Amino acid sequence: MIPLNWVVGLGAALFAIGAVGVMVRKNPLIMFMAAEMMWNAAALVFVTFARSFHDMTGQVMAFIIIGTAAAEVGIGLAIIVSVYHHRHRLDIDEVSELKG
Amino acid sequence: MIAFVILAILALGGGVGVVVARQPVHSALFLILNILALAIFYILLSAEFLAAAQVIVYAGAIMVLFLFVVTLLTAGKDDAEPQEGLAGQRLTAGILAVLAGGGLAVLGVLYPSQSIPFGLPPNFGNLHGMGLNLWNQDFVYLAAVALMLLTAAIGVLVLNRPQRRQHRAGVKGEDS
Amino acid sequence: MNGALGPEYMVVLGVFASMIAVMVSRQRTIAAYWAALAAVVAAGIWTAALWSSPALPISLYAQGVRVDLFSLAIDGLVLLASAGALLVGWNDARYGADFPALVLLALLGMMVLGLANNFLVLFLGIELLSLPLYVLAASGGYAESREAGLKYLLLGAFSSGILLFGLALLYGASGTMVLTQLANSSLILPLAGAGLALTVVGLVFKLGIIPFHMWVPDVYEGSPLPVTTFMAFGTKVGAAAILLRFLFYGFSVAVGWWEPALGYLAVLTMVAGNLLALAQKDMKRLLAYSGIANAGYLLVGISAHNQAGARAMLFYLLVYGLAVLAAFSVFTMVARERNSVSLNDLTGLARRSPWLTAFLAVAMLSLAGIPLTGGFVGKFYLLQAALDANEPGLAIGLVVGAMIGLAAYVRPLQRAFQGGDGTSEAPVRWPVAGAVVVVIAVLGTIGLGVYPAPIVHIVNHSAAFDWLR
Amino acid sequence: MFLVWLLAVPLAGAIATLLASAKGAKVVAAITSFVALVGYAGLLFVNRAGVNWPWISAWGVRFHLEADGLGLFLLGLNAVLFVVAILASSEEMGRVYYFWLLLLEFSVAGLFAAVDLFVFYVFWEVLLIPVFFLLTQWSGARGKAAALKWLIMNLVGSFFLLVGIVAVAVIHHQNGGAFTFEISALSGMTLPAGAATWLFVAFLVAFWIKAPLWPLHGWMPDAYGESPAPVTALISGVLSKAGIYGILRVMMPLFLPQFRQFQLVLLILAAIGLLYGALAALRQNDMKMVTAYGSLSHMAMMALGIFSLTEVGILGTTYYMVAHGLMVGGLFIVLGLLESRTGTRTIQDMAGLNKSAPRLAAYFLFFVLGALGLPGLPGFVGEYMIIQGLIQSQVVFAVVAGFVLVVAAWYMLRVFQAVMQGPAKGSAIRDLLARQVAWLVPLAGLVVFIGLWPAGITSHAAPSLYHVTHFLAGKGGGQ
C-alpha cells in the first residue's frame, strides 16, 4: 500500500511542472505536451482519491480525461500542423503577432 | 514506499525532462516515461483498467501521434530550436507556478483525505468494474467522449482540407 | 428518461443529420445548414415544451445532470446564439460544409454546461464546448485564423488542466463529485480552498475575466466572423452558467471564500476591460474587449450571490447576446469578403446604408447601457442585485465601467455618421440570413428595453435559488 | 390623455420625418411640433389627467406620468420652444436633424412628466443621445469634441444618478417598504446616516452637471459655442432646466434633511457660480458666449432660489425656469439670425446694425432686456422672488445676487451697444423676414404675458410644492 497523500503531493508537483512548462516554453508542441502533463497529474489525483474513497467515479473521471485528451491531441496536432505548413517555424511569440 | 519513491522519481524526472528538453522529440520521449510511470501508479492504486488504458491510449496512440508530428515537422531541419531567453514575465509566471505547485504539494501531503484503508469492493478498478460503470449509469459520459472524438475527426478534415483559390473565397453556395 | 434531455438529443441528431446531408446531398453546404437549423429549432421547441413540465427539476445519471428551469433558460440562450451564428455564416463557402456540425457540437457543450451537476459533466461540457471551437477558430483558411486557433488551443488546454486539478482536489476534500452534495459534505478545508481557487480560475479563464483574458482579443480577432459571434455569445453563456451553478450549488455555504475575490475581479474586469476597449481600432478587438468587460458585468451577478444576482445575470446574458448578434451581423455585412472591420471601414456608413447604421447604433447603445435598449435594463437589474447584496463597491465599479465603455462604443458610431471619403459609396449588400439576424436582434434589444416585463418574469422563474435571499 | 399626446406626437412625428422627403422633413416636423403644442393647450385647459400603467411589475416600476404644477409649465416651455426652434432651422438640415429634434422633444416631455424614478431616469438618459448626434453632425469644426464632452460629462452624472436611484429603492425595500420607484412613495423615507450623504451627493452631481452649474459646467462652452442656434436655444432654454427641475422634483422630497445640513455649502457654491458666470460673460467677445455664460449665471440664480429653502425662493425658481427658458431661447435664436446675416459672432466685428436691420435690433433688445431682468418682463419677477427668499434665509447671498443683477445689465447691454448701436460698420444686413417675425412675435408676446401675470404660474406651482414648503414651514425653516 503506497502512501496516498504522498501520491497527491506528487500529482501537485507534476501539475506545477506542467504549468511551468506551458508558461516558460515557446514551442507549441512542448507547451501542448506540458498541458497534457497537467491533465495527467489531475487524472492521477483523481485515481488516488478514488482509491482512498473506494469510489469508482474517480476512476471514471480519469478514464474520461484520457479519452478527452485523445480527442484534444488529435485536434491540437492538426492545428499545429496546419500552422506549421504555412510558416515553417514554431514559436508561440512569433505566432501571436498581436499581443493581447 | 520504496516503489513510490522509485516511481515518483521516474515521473518527476520525466516531467522535468519534458519542460527542459531542448528538442520536442526529447520532450515527447520524456513524456512517455512520465506516462508509463503513472500507469504503474494506477496499478498500485487498484486501477488496472486505467493502467491499461493509459498505456494503450496515451503512451500508445497519443504519444505516437506526437512523435509522428514532431518528426514530421522537424525532419530535415536543424532541429535545435534557437536559444530561448527567459523573458522577465515568463520567469515571474514560472516562479509563481512553482511556488503555487509547491504549496499544493505540501497541502496534498499534509491533509490526507478521509481514507478507507481496507475492504476494497469487488471488481474495484478492473475491467469488469469499469464496464459495469461505463456501460450502465455512466454510459452517457462515454457517449460524450465519443462525440469529442467525432469532433476531432471532423476537425482534422476541416483543418487540412485543400486550400481553395483566393479569388473563390466568399463565393456563396457550393463548397468546392 | 422522460424526455428531459430531449433538446440535447435533438442537437446530437442535428450533428449527424448535418454530416449525412453533406455526404448525400448535391447542394451539400446548404443542406447541412438547413439540417443544423432544423435541429436548433427542434431543440428550441422541445425546450419550450419542457418549460412547463411539472416534473422539474429532474435529476439523471446519479445526479450528474440536473434539468431545471435554469438549465432550460441556458438552453434557450445558447440555442439563440447558435441559430445566430448559423445565420450569420449562412451558406458561406469560406466556412465549409462542416461549419454547422461543429457549431452544433459546441452548442451541445454549452447546453451540457447548463445542466451539469457533477464534475464529470462539468468537465465534459467544457471540453465539448472547447474542442469544436478550437477547430472553428482555426478554420478560416488564413494565417491569423490558424494562429488564433493555436492560441486558443494552448490556453484552453492549460486552463482545462487548472480546472481539472482543482476539481480533483475538491473531490479529495469532499469525497463527492456532485455539486449539490458538495454543500453538505464535510470538507477538508485547506484542500477544498485550494481546489475551489483552482476551479474558479479555470472557469474564469473560459469566461475571459481579467487577468485571465489574454487569449480573448487575439482569438476573437483571428477567428472567422460567424465563429467570433458564436464565441462572444455562446461561450460566455456556457461559462457564466457553469460558474454560477458551481458556486451557487456547491459553495453557497462557504460564501466568504469566493465572494470577495470574485467581486474584486469583477470590478477590475469591468473597469480595465472598458479602458482597453477605448483604444481599439479593429471592431472585432473592440467587441473582444467589450466581451471581457461584459464578462465582468456577469460576474457582478454571480458575486452578488443572491437571487436577484442570478436573475440579473441571466437577463444580462440575453441582452448582451442580442447586442452582440446585431453588431456582428452588421460587421459581417460590412466586411463582405474580408474578415475584419476597422474604424475606417465604418466611415460614412450612415450615408451608404442608413438602416444598417441605425441597427448598429442600437446594438452599440445597448452595449453602452442607454435606456430604451435592453442593455440599460440589464445593467439596472445588475445594479439592483449588487445594491441589494449591500455591495456598493460592485455597483460603483459597474457604473464606472459603463461610463468608460460608452466612450468606446460611441466612437464607431461617430465614424459611421461622418462623411465618407467617397471611395466606397455603394450601399452594403444584405444577405437574407444576416438581415434576419440583425432585425430580430435589434427588435429584441429594443423590445427588452421598452417592455422587459415578460422576460423578467421568465428569468425570475428560472433562477429560483430558494436558499438565497 | 393629453399628456400622452405630448409624448406620442413627437415620437410618431420623428418616425414620419424619416419617411418624408429631404425637403419635406421640416414641414413634417413643424406640423408635428405644432400638433404637440395644441396638445399642450388641451392639457392646460381641458384635462390634466396623467397615466399610470404597469411597466415592469417585478420591480414595481410603473409608467407613471403626471402634469402637476412643477412640470406643467415646463412642458409648455418645451412645446413652445420646439415649435420656434424647428421653424428657425434651415430646410437644408435634412430629415435626420428633424428626427433627432423631435426625439429630443419626446424625451424632454417625458422627463418633465415622469413621477416614477425609473421613468425619470430613462428619459433623463435618452435625451443625451439626440443632443449628442445633433452636436456631432450639425455643428462647427469642434462639434465632435463638444459632443463627446457633452455625452461623457452628462453620463458621469447619469451613472451617479442611476446608482442613487437604485440604492434609494433598494434601501426603501430593505426597510420593509414595497419595491417601488414612485417618488411620492419614497419621499420622506429615512435613509441610513452613512448612505444618505453619499446618495445626496450622487443625485446632486447629476443635476449639477446637467444644469450646468459651476464648477461642473465644462461641457457648456463647447456645446453652446458649436451647436447651431436652434439647438443652442433648446439646450439652454429647455434642457438646462432639467437639472434644476430634477433637484426640485427628485431631491427635495428625498433629501430635505441633507439640504438643510449642507445649505451653506450649496449656497456658497451657487453664489460662486453666479459671480463666475457673470464675470466670465463680461470678458467674452463672442456674443453667443456672452449669452452662454450669462445663462450659466442665471442657472446659479435658480439654484440659489432652491437652496434658500424658503417657499418664496423655491416658487421663484419654478417661475424663473419657465421665464428664463423662453427668454434665453429667444435670445439664442435671435443671435442665430444675426450670425447667419453677418457671418461672425465677435462683437468687435459688428457695429451699428440697427440702421440696416431695425426689426432685428428691436427683438434683440427685447430679449436682452428680458435676460437682464427689466421690471415688467418675467426675468425681473423671478429674480425678485429669489432674492426675497434669500433675504429670508441668508441675507449675504441676497446682496451677492443683487450685485450680479447689475453686472448682468452691464454685460448684456455691452453686447447690444457694440453690435447694434454706433456708426455702422461693414455692409448692411438684411432685416428680419416676415415669416421670421411671425414666430418671434408670439414668443415675445408670451414672454410679456407671463411677465405681467406671474401668478398664472406660481399659483399652479405652489400646491405641487406644498409638501416641501409645508415641511419647511413646519420645521421653522426660513419662514
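Think of it as A, B, C and D in the order they're written, each chain with its own count starting at 1.
As a working rule, contacts are C-beta pairs under 8 Å (C-beta built on N, C-alpha and C of every residue); 3 or more make two chains touch, one makes a residue touch a chain.
Bear in mind that the values here come from a model prediction, so they are computed numbers and not experimental data.
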Steps in the shortest chain-to-chain touch route ending at subunit C and beginning at subunit B: 1
Subunit B and subunit D, separation of their C-alpha mean positions in angstrom: 69
Subunit A and subunit C, separation of their C-alpha mean positions in angstrom: 26
Centre-of-Cα separation between subunit D and subunit C, whole angstrom: 43
Centre-of-Cα separation between subunit B and subunit A, whole angstrom: 5
Two or more partner chains touched - positions in subunit A: 8, 11-12, 15, 18-19, 36, 43, 45, 48-49, 52-53, 57, 60, 64, 68, 71-72, 75, 78-80, 82
Numbers and ranges of subunit C residues touching at least 2 other chains: 120, 124, 127, 131, 134-135, 138, 149, 165, 169, 172, 175
Of all residues in subunit B, the ones touching two or more other chains: 104, 107-108, 110-111, 113-114, 138, 141, 144-145, 148, 151-152, 155, 159
Contact pairs between chains, per stated definition: A-B, A-C, B-C, C-D
Subunit C contact footprint on subunit D (complex, rising order): 54-59, 118, 121-123, 125-126, 128-129, 132-133, 136-137, 144, 147-148, 151-152, 155-156, 159-160, 162-163, 166-167, 169-170, 173-174
Subunit D partner contacts - residues on subunit C that touch it in the complex: 365, 370-372, 376-377, 379-380, 383-384, 387-388, 392, 395-396, 399-400, 402-403, 406-407, 410, 414, 417, 451-453, 456-457, 460
Subunit B - residues contacting subunit C, complex: 103-104, 107-108, 110-111, 113-114, 137-138, 140-141, 144-145, 147-148, 150-152, 154-155, 157-159, 161, 163-164, 168-176
Residues of subunit B defined as touching subunit A within the complex: 1, 3-4, 8, 11-12, 15-16, 18-19, 21, 24, 27-28, 31, 34-35, 38, 41-42, 44-47, 49-50, 53-54, 57-58, 61-62, 65-66, 69-70, 72-73, 81, 84, 86, 90-91, 93-94, 97-98, 100-102, 104-117, 119-121, 124-125, 129-130, 133-134, 138, 141-142, 144-145, 148-149, 151-153, 155-156, 159-160
Residues of subunit C that touch subunit B when the two form their complex: 12, 15, 19, 27-30, 61-62, 64-65, 91-94, 96-98, 101-102, 105, 108, 112, 120-121, 124, 127-128, 131-132, 134-135, 138-139, 141, 149, 165, 169, 172-173, 175, 188, 190-191, 194, 336-337
